[in-house]
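Report on one structure; see the data block that follows.
Chains: A, B, C, D and E, in written order; residue numbering restarts at 1 for each.
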Amino acid sequence: MITFGPAELAATAPEITLATAGALIVLLEAFAPRTRRAFATLSLAAIALSLYFVSRAPIGATFGGRLETSSLTSVASLFLAATAAVAVLVAKRYLERAGEERGEFYALLLWGHLGVSLMVRGIDLLVIFIGLETLSLSFYVLAAIFRGVHASSEAGLKYFLTGAFGSAFTVYGIALLFGRSGSLRISALSQVGFGGDPVIVFALLLLLAGFGFKMSLAPFHAWAPDVYQGMPTPAVAYLSVAPKGASLIVLYRVLTAVYQGALPSRLQTGIAALAILSMTLGNVVALAQRDIKRLLAYSGIAHMGYITITLAVFGRGAFTAALVYLFAYLVSNAGAFACVSVLYRDETRPHPVGLLAGEGRRAPFAAGVLTLCFFSLAGIPATAGFIGKFFVFGAAIDRGLYGLAVIGILNSLVSIGYYLRVVYVLYMREPVEAEGPPPLGVSDGLALALCAAGILLLGVFPSGLWRLARSAAESLPFFGP
Amino acid sequence: MIGKIPLADVLVVSAALFAIGLAGALLRRTAIVIFLSIELMMNAANLALLGYGAALGTVDGQIAVFFVIAIAAAEASVGLAIFVALFRHTETIDVNKINLLKW
Amino acid sequence: MERIVFDAAATIALVFAALMVLSRNPVKSVLALVVSFFFLAVIYVLLFAPFIAAIQVIVYAGAILVLFLFVLMLLNIRHEGSGKDPRPIQRIVGGGAILVFTIVLVALLSKHGTPPGLPPASEAAAPHIGDVARAVYSDFLLPFEALSVLLLAALVGAFVLVSKEHRP
Amino acid sequence: MSVLPLWLIPALPLAGFLACGLFGTRLGKRFVSVVGVGSVGLATVAAFSRLVPYLGGDHAPVVERVSSWITAGDFRAEIAFRLDPLSALMLSFVTFVGFLIHVYSTGYMHHDETDAGYARFFSYLNLFMFSMLTLVLAQNFLLMFVGWEGVGLCSYLLIGYYYEQPFAPAAGKKAFVVNRIGDWGFLLGMFGLATQFGTLDYDGVFQAAAKDPARFAPALTLIALCLFLGAVGKSAQVPLYVWLPDAMAGPTPVSALIHAATMVTAGVYMVARCNVLFRLSPDAMLVVAIIGTITAVLAALIALAQNDIKKVLAYSTVSQLGYMFLACGVGAFVAGMFHVMTHAFFKACLFLGAGSVMHAMSGELDMRRMGGLKGKLPTTYRTFLVAALAICGIPPLAGFFSKDAILAGAFEAGQPVLWAVGLFTAGLTAFYMFRMVARVFAGSFRGTPEQEHHVHESPPSMTVPLVVLAALSAVGGFVGLPAVVGEHGNRIEAFLSPIFLPLAAHEPAGHALPHATEWLLLAASVAVAAGGIGLAWKWYAKEDGRVPDRIAAAFPALYALVADKFRVDELYGALVVKPFAWIARICWKVIDVLVIDGVLNAGAFLVELAGDLLRFLQTGNVRNYALTFLLGVVALMLIVMGGF
Amino acid sequence: MDLLRSHLLSAVVFLPAVGAVLLALFPASAAKAARNLALAIATLDFLVSIPLWTRFVPAAGFQFGENVPWIPNFGISYAVGLDGLSLVLVMLTTLLTPVALLFSLSHVSKGVRGFSIAFLLLETGMLGSLVALDLALFYVFWEVMLVPMYFIIGIWGGTRRIYAAMKFFLFTMAGSLLMFLAILYLAVRHHAVTGMWSFALEDLATLDFASGVQTVLFLAFALAFAIKVPVFPLHTWLPDAHTEAPTAGSIILAGVLLKLGVYGYLRFGLTLFPEAALRFAPWVGLLGVIGVVYGALVAFPQKDMKRLVAYSSVSHLGLVVVGVAAFTTVSLSGSILQMINHGLSTGALFLLVGVLYERRHTREIEAYGGLAGIVPVTTALFLVATLSSIGLPGLNGFVGEFLILLGTWTSAHRWWAVLAATGVILSAVYMLTLVQRVFWNPVTHEENRSLPEIRPSELLAAAVLVACMIWIGVRPNDLLSRLSPTVEAIRSAVLEKTSAENRGRAEAAP
């Protein structure tokens, strides 16, 4: 009999904090709209508090093996909280400028964050699915939250339809896994013979598709560019990072439960194919993009390709590399979206790259950080992105997957083409807009500074992060190194 | 066997429902009907869950279905709200005509 | 008897599901789906899940689908746009992919779907509604609580999207 | 009293160069004259302060090391200078003639140049002296190469001295580039030497080669030919002689100093210096002799038809250089070096005389517009005449002895054909020289009245060197009297003999010609020279060129060919220069732009194009998105499930 | 004091970066102060680097070494050290950077602060790659260099600067990315063999590979370096980058950046893959020879001064490559020396072309002519630089050229020397043509008559280079003596590790 005791309270305190803060914000919005200015601070506080509770939560499984607290979940929570913090920080001024400052935005963001948090902490397929859906529902709404803007509504519709479609696959996969293992707990998948069971493998594929969808992994990526384009930028900053990481962790959880040692070669081939397709398609199509948010969407698709290399490689080292990569991706990609959010004056119109012309001089800080983010995404050394690639390709080479590494590296060459094009527009073209970007708020500045510092610190001193990731990777039952 | 019904039959029906839903999702153009088809796919999963639950003699299947139905309801409310919001801009929910964001 | 009911209910559910997909009129689609869901509920009963069957009828067929109908009426969507699909490729490729997918899925589930060595299940051994209730509040406490947040998010979200006036 | 170090001799002009080059413009002409001429004067004094005791001594080579220079791996090169009979000979006339020409230049350049130009001129000349002295005094090939290229550089700079003229810069560049072709050979030769002998030190190389000829001989033909290619470039031999006539675009003192007296003979000096190597390779010797002979006759033929006073002298120089190589090629190195020396005197005198004429004629170069200057430029005329007689080989002037030594050497070496051609060339030489003398000084004035009005004798700074050089042209030959005249008359041969010691195994001891034969040869060459002079004088001084005109009219094509210098420049243009430019353009426009960049840009373009096309997969239609999703699942399924 | 001594190398490397940070904190408006500060820092860096030169002991092995763990889990450390090879290149870098900055003092007007920051970061990048003894560290510096250079070309460059900057970046990146994978492979191998992670050069050099693997790895490294050098046919980024870069950028690009390719090949390519390096030496040498001739040929018809000088770099670097491929003591010494020489002479040429460009704002050769009488000092300096470039004895270029050719001649590939020596002729052709068309000939453009003479700051910058040219030409042993133990060490290390067959090839000549 499972009751809600002190252990359960301690374990769920992070989520309870988030849920309560969201509800509080909605209530304040309804009954004390004057407090709006404090919503961002409140949200930040909730995120921080939740992170604090994560650190205090006792290690181990609770709720009858449905929720886990481990070094992995702690590291993942740190990752998620950092993303959420960046999103909240840039959201404040963004919403003010757009005239859409409303509590629901923060509430939905916090609830979505809660959902992602459940995804990484859940060790039960149902919990994970509910987390996934909480995230999805919140972000369907966030995508469409600018009701007066056609693009926003359309993004909402597209995200909703494709998301529901993906969820159907996920839930079908869950049903099959449940049917074969007799339990919704992931641990039940570690049964002898499951690795070769066709239904299990099929169900894993469905999950791969469903969570690959959340990761915007090609060919399950198609929603991402459209949704990113129409969605409010701060929400994209979160959506383009946190759920991707969480989905990857879920995939690792499920796959390690079934295959502790190594993936069967056909599955490896399939995942490698996804990685290659995602890298190549993402990078090549990004070259043709003119809207910076779409460009970043394709860049994100490509990055999910790189990170999926680690999934194909599989193993503790690979998972460590993946976690390091996630953090690198967090600071660079969330940072890039934060910069985009700061650099465009009109939030509701498209964001063509050309409008950034000459901002290198008019908004040196934001443009500088954006450049740094792009160099990091491109994997130039002394940035976090390089460290990420270093570990990912290192892991691939360590397991002898040279082909993947070479394709990956060629892809990052292609990617430099479009990253540099944006840098070129920033610094080497004359401004096209009469007015410069809006003045930088304190919160914006803080967000950008944090991302820039993260990029450089992780880029120059990655040891700490690596140790953290390594300890997190120990949580999963990998065999071997 | 579940009573006198073979589990395999239940699963086949579930698979068929999933396939029909898939067909609807891919081939229909009205957003609402697409969503209906997706609901059908969810129901296919529900059927599989219940079938397995019954065959295994566990309550987990039913509970999972219970949650899925709740989620479906929530999805429906949000989805329909989005349809309505978009309809204000486009006067249609034919997805062939909803392509402002592309390329 | 059970067998016949199952076959009949399954057939009807599948036929109406197909009708739902094939009908050009969204309203008819919804109605077809109502029928399909109803017969699914029948199957649920056969699978020892009367509680779920009830929910299926009351919540799904009764509430959710009515909501659909309501929105269809509200938006006055009568007919899917006539005229040919501008991109037939979607049908051709989509049809092929569905076919392959279905064949594999059906073959897989009919052949390997059943876990080996499973004893036959009887209604007597099946969990009762009480078991379901207990499980929801104990074993599945966490998902249940999480669901509440989900529903809250959906509620607030739906409200945000359609609430008429935009407060300053 | 300790002697002055050898390095001081080149260092003095170097200091002069730096002083004139860095401060000359600001400090004015007087400063430049003093420093420019003074530094060379001091160098001359320093040189003779070493030469005089040396001539009186035992003629043993003196080597003075200054410092190490390049050390890499096994390779070592030093900065070291050498005084031995050969370098002493060169040193004496290089410093002396060089000094005279510097003096001459103060007069020649004084009027028509700005302070900057004057300073530039003297700094270049000083740099030239430095380089030439380094070349002469070097103790190893590498240091010689420093001087070798240095004189080339100065030649380039001085030919292009009138840089604003359209022609001079091109001529300078041509000189440098053609020289560089030779230098390429020189470099390869040095590599060969360094590989064979492990050093580039003269002593190391020559002693080893002389000691063990059998070991080195096989490689030496190629090495010798490579080195000779260097000499061919520097000394304007066929086929690389084409730069020298063009080099006349420089100021006349430059032509006298660099392109007649000193630099162009560096090739001869180098071959003589390497005589051990050449003598070990009869094939190489033969090539040297043949090239020399061809050059001699070819240049003489071209000189016949030139009307530009400096061009005639230039081709004459080429021709005389051919003689010198002929001498070397037949083993008569002493004769060759002897001719180098006498040639320096008379050719410098001729050039300076020509300069004096030009000076008087306001820069006029065309002989057809001169004439009758005998009276107006008496000193110039007399010195010019002496030098001309000397070059023709009229006894007892200097050229007689040296040229005779060469012809005798050729005959002696058993090369009657070469001798005959040489003799023929002597006749041609006499003819074109006196054609020139007649056209310039005899007859009546053919230029414009203004020119006639302007004509005047040059200042003493110019005439004094002329007189000195003429005197040397007259008596310079007495250091090398042929054996028939006096048993010990050939002092130069005795002096140089340590350089050209016979190689034990390879060379039979030289068998002297019978006296009768030698007399005969002498008579023949004098007769031919006298005939040439007479004919030229008759045709041009007495008959004012009617006969040659008629001959030219009778064979217009032939005449045009000769007058156009056998169209060698055009031939090179068509064979080398144009194809070079063409290939260069192909490389640039086709290989670089079209092929390499084309491939790269095409690659980039294809990727971009792929992006541009693939972006349309993103149709904006959610149904398509769902389809791609399903296709992904199906594909995954097919890849992964195939095994189950 | 002791601390400074033991960290002298790091001080030299990171002083510019510290300066860049200082500059970044400067107000953007204080352009002049920023400029002077940058120059002061670069000059200070040069002064700080002088003790490296004076205290360097001509012996094999690395000096001024420092080794601090950086990413200990993967055996990556901040390991730096200096041997003769890196010493001369470090000195060249610390010398050329202030010279280039001194030149740009009066010519960069927009974004001075950014320009200075980029330049100083670039210097740190270059110095870092020259002293890094850990492959990961090396790679970081190696790539970091690209970024400031991209901005320098892209922001302060000429009309086609964007294309050039992009091409430069992508081209160089293309090569180095594969090297990156190869580095990872080496570390993985080291881990697999010894159980220890390490990226240290000395550790990785102990690995043995199957010949096929070694070939692939070698090619990955060689490609990166070949592009940087650049070796024909990978050179086409260079004319664009050199031509479009601002003068100071061209100086550094030609002066230092290209050398890093050869440096990398010597330091890493040869040390790590001696067998493959020797096996491929004939091909490398062949490409070098082609580069010599081809670069010279293409330089000849150029209409743009900087483009001409850029192609001359292709030719000169080709010669350096020949020397490296010939792999004799003499040719290696010559190659290293020639890198310095090329840095000085081509740096000076770009500087002086810059002097003209800043006055007339065109690089078209056609637009000039007859400048000798108008700007005699510039002419004289240009002439000296030209002569150095075409290898006139007495100046620096000759020594390197001679040693390379001599060393090559004594190697097994005598014909390379024969062909490469034609560069002597060809370089005279194109450089003297340039001199003739710009400085001699009649003045054809009246506006040139009022061309101002070189300014004192520019004169100082050029004079420093000219002084170095003469110094090296007369006393090359000052460098060669510091180089020779390193050259011997590289050579013996390679020969020790290679099979007798290959050794035979390398030592074929007596």
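The criterion applied here is as follows: contacts are C-beta pairs under 8 Å (C-beta built on N, C-alpha and C of every residue); 3 or more make two chains touch, one makes a residue touch a chain.
Note that the structure is predicted; figures quoted are calculated from it, not measured.
Looking at subunit A and subunit C, the chains in contact with each of them are B, D.
Chain centre most remote from that of subunit D: C (centre = mean of CA atoms).
Comparing chain C-alpha centroids with the centroid of the full set of protein C-alpha atoms picks out E as the closest. More C-beta pairs in contact connect the chains of D-E than those of the other pair, out of D-E and A-D. Centroids built from CA atoms put subunit E at 43 Å from subunit A. With centres taken as mean Cα positions, subunit B sits 26 Å from subunit A.
Remark: subunit C and subunit E have CA centroids separated by 70 Å (rounded to whole angstrom). Each chain gets one centre point, the mean of its Cα atoms, and the points for subunit B and subunit E are 65 Å apart.
For subunit B, residues touching at least two other chains, in rising order: 11, 14, 18, 21-22, 25-27, 29, 31, 34-35, 46, 51, 53, 55-56, 58, 60-61, 63, 67, 71, 74-75, 78, 81-83, 85, 93, 95-96, 98, 100-102. The set of subunit A residues touching two or more other chains comprises 126, 130, 133, 137, 140-141, 144, 147, 156-158, 161, 165, 169, 176, 179, 182, 198, 202, 225-226, 417. Multi-chain contact residues of subunit D (touching two or more other chains) are listed as 604, 615, 618-624, 626-627, 630-631, 633, 637, 641. Interface note: chains touch in the pairs A-B, A-C, A-D, A-E, B-C, B-D, C-D, D-E. Listing the residues of subunit E that touch subunit A in their complex gives 28, 70-74, 111, 136, 139-144, 146-147, 150-151, 154-155, 161-162, 165-166, 169-170, 173-174, 177-178, 180-181, 184-185, 187-188, 191.
The residues of subunit B lying in touch with subunit D in their complex are 22, 25-27, 29, 31, 34, 95-96, 98-103. Across the complex, subunit C is touched by residues 1-4, 8, 12, 15, 19, 22-23, 26, 33, 62-64, 66-67, 102, 104, 107-108, 111-112, 114-115, 118, 124, 126-127, 130-131, 133-134, 137-138, 140-141, 144-145, 147-148, 156, 176, 179-180, 182, 197-199, 202 of subunit A.
On the subunit B side of its complex with subunit A, the touching residues are 11, 14, 18, 21, 25, 31, 34-35, 38, 41-42, 44-46, 48-49, 51-53, 55-56, 58, 60-61, 63-64, 67-68, 71, 74-75, 78-79, 81-83, 85-86, 88-90, 93, 95, 98, 100-102.
For subunit E in complex with subunit D, the residues that touch the partner chain are 170-171, 233, 235-236, 239, 294, 297-298, 300-302, 328-330, 333-334, 370, 372-373, 376, 380, 387, 392-394, 398-399, 402-403, 405-407, 409-410, 417-418, 421-422, 424-425, 428-429, 432-433, 436, 439-443, 474-477, 480-481, 484, 487, 509-510.
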